[in-house]
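Take a look at this one; I'll ask things after.
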Amino acid sequence: MATPLIEARNLSVRFGVGRLTVAALDDVSFTLAPGESLGLVGESGSGKSTVLRALTGLAPLSGGSLKLGGVAVPTPRRMNFFTAVQMVFQDPYASLHPRHTVDQILAEPLAIHRIPHAETRIVAALREVGLGPSYRFRYPHQLSGGQRQRIAIARALILRPKVVLLDEPTSALDASVQAEILNLLEDLRRAFGLAYILVSHDLAVVAHLCERLIVLRQGRMIEETTAGALRDGSVKTDYTRAMLAASGGFTRVGPTAPPTAPLRNT
Amino acid sequence: MTPLLEVEDLHVRFPLTEGTIEAVRGISFTLGRERLGIVGESGSGKSQTGRAILGLTARPGEVTAKRLAFDGIDLMAAPERLRRSLRGSRMTMVMQDPRYSLNPVMTVGQQIIESYRAHKRVSGRDARRAALAMLDEVRITAPDRVMALYPHELSGGMGQRVMIAMMLITGPELLIADEPTSALDVTVRGEVLRILDQLVAERGMGLILISHDLEMVASFCDRVLVMYAGKIVEELASGALDQARHPYTRGLIGCLPKLAGDSHPLPVLTRDPAWAR
Amino acid sequence: MAAGPSPLTAWLTTAEPQSRTQARVGHAYQSFRRLARNPTAMAGLVIVGLLVFVAAFAPLLATHSPIASGDLRTERLLPPGPVFWLGTDDQARDIYSRLLYGSRLTLAVVILVSIIATPIGLAIGTVSGYFGGWLDRVLMRITDIFLAFPRLVLALAFVAALGPGIENAIIAIAITAWPPYARLARAETLTIRNSDFIHAVRLQGGSSLRILLKHIVPLCLSSVTVRVTLDMAGIILTAAGLGFLGLGAQPPTPEWGTMIAQGRRFLMDQWWVAAVPGIAIFVVSLGFNLLGDGLRDALDPKASR
């Protein structure tokens, strides 16, 4: 097998000091092959975002090792890390600078990495995410949630990374907009051979975009499984099974009183 | 028998300097002691409908209706005092994120007791006993311990159950739940829905469940109203999603990724301007 | 209007600018339009504009010398009249002319203090808030020490060390004026520094300096600007206080604060000597205030619609 793009071994992250320490991540290991797409699922507070933050260096590792393309990743991260790994955040209302136009937002990574022909790159990046050049000089507040998320994706892709970390990229969006963004992510993945790490609490979204997934609970990996196993229900742990059952909508258990039962206190 | 709630041609308008926003554009429905779902994408006017029924429309907003009646009481003609006393005692609302609806500097117990005593003349001891019983009803274990907690010390699911306890302690007949589970994990969501379901059934309340999650609402409610651009475009019976006829509803169902039988790419919703007319 | 917008207006207000220059000019035009639509901000702009005009053309507008005394027997402490429009002071100097020349000093004090104190406050506050840790603790303790002293006393100490004179007074005031701006900038930075759009720049490899200068400072700038304009009255009065103690502008230099200080003795009988420069300080402070408030709204693209 080729060298994995990302190899994370025994990652652990702690927040706080002394007796107030929280182990947000405990002994999490995984690999990501080039072009592969890996899902991270778990309920809120289980450490999904912390995995991404640990990869990018936004959260300091307290243990474990990280390799990118077979080479150990130093802390602080070097410039070549940022051209290879980019991220899209959950809340499209918080991830764009409120006083910068789309043009300024997309120009920033190009300026940091001294990439020439910025203007043509920006127009091309907008086209890649399905937005015309007319959006170039708008401010974020003049865009809808879905359009903002497209800008955030364009910003992540403009440096032509190999891996994009997606932290609940559609959970703040309406179902119809979610479908458009998921389709866009799939198209871009095919076009640029991208690898994804997708964080989501929605199993159907993860199964749609990822082949493999990791289930986290209280900072620990409790299961590594596949989208196929989710589909046919052959998951191993009760926890994952419970999540799977809960995501199928509401099921009434046992007999319920008729809806026209008399008022309790009259 | 008069229905619990009658809504006919309800409009909510926001006159702003840039022009008038029509948040709700003439919706009509009646509600018995049943579970009614309202679904639609954000901005379709779901919350404004709920707020208008309770009389909580924000400042420049104007509410008009041919008829808006609760248990036969004409709410449009009712004085503000009557509406205020109805609100909280006989009709009430649970919001999306309990952390923003609970007072951060009061303990959970104080808040539940206060909301109880605002509508019932009872001693502090009785109010406390009622609060404990209510927390027990929303399946909070060790309610006396939880009574002493502050809102930030609660998890999302617990906060939402406290919120439900606080709203239901006065024994209202109509509960409007505005995205009560959207901020919760799927596993916790099922639990909160089950509690709501049981309380509604036991007490014979009317429930309006507002959500953007069509599947959840359709599996929970007896009837579902689908809203688009301030109008009701379709009414569905419980569990009858596959019988949806309106292209908007069908589009909403179609564009969700599904564990069973997923399609690549996902079908997207193409909007017809005629839907909004 | 029946006629469509002129080609220039259309070029400025188009939703789809063709180039960065056009977008920048267009956004500036929109900001100006927002400012122009705000009557109180326009009043502020007019007052500040008038101050600049008067300061620039003081020699042409003045009717008398601001420094040379008139006839001390007949022209002392005259009320406002046809010859001395705003009356004369105890040295028989024309208050109107002194007021005009004094505007130069006022403007200089205000401009110098704001271009010295604002960057210091912004730099200390944003660095402190962004990096946190021991750097934050050290910088904030220093800020607290500065804040703990009354401004005039502190300025006094600096002037005593630097020597009297208006230049040193300005430096002293600037050095003592920054702490509130640092506090404000730090508070804003704390709310901004953990937002996703800052994380995004870090993930692009942006340096801390770049994040501070291009992303955090512009967001703090508007509230600090408003705070500075609110402080203008205080700054002018501190300058006056130093002048009064003989440590600021030296007589007979016409400076508004010093003029009030000198007129203080005649407040009961010859009120105009102190009142005229007092009103001038009030009007100018108000002007800066209104303008600052309007600028905050005008510079926020979200306010447009």
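When the chains are written out, they are named A, B and C in that same order, and each has its own residue count from 1.
Operating definition for what follows: a residue touches a chain if its C-beta (ideal position, glycine included) is under 8 Å from a C-beta of that chain, and two chains touch if they have at least 3 such contacts.
Just so you know, these numbers come straight off a predicted model, no measurement behind them.
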Category of the chain touch graph - line, ring, star, complete, other: line
Centrality ranking, top chain (CA atoms only): A
Centroid comparison with chain C (C-alpha atoms), farthest chain: B
Centre-of-Cα separation between chain B and chain A, whole angstrom: 30
Separation of chain A from chain C, taking each centre as the mean of its C-alpha atoms, in whole Å: 47
Centre distance in Å when chain B and chain C are each reduced to the mean of their C-alpha atoms: 52
List of chain A residues in touch with chain C within their complex: 56, 58, 77, 79, 81-83, 85-87, 89-91, 94-99, 101, 103, 108-109, 112-113, 119, 133-134, 136-139, 141, 152, 155, 159
Complex contact set, residues of chain A against chain B: 43-44, 145, 174-176, 178-180, 182-183, 186-187, 201-205, 207-208, 230-231, 242-244, 246-253, 256-265
In the complex with chain A, residue positions of chain B that touch it: 32-35, 41-42, 156, 171, 173, 185-190, 193-194, 197-198, 200-204, 212, 214-216, 218-220, 222, 251-252, 255-260, 262, 264-269
Chain A partner contacts - residues on chain C that touch it in the complex: 15-17, 20, 23, 26-27, 195-197, 199-206, 210, 214-215, 218-219, 300-302
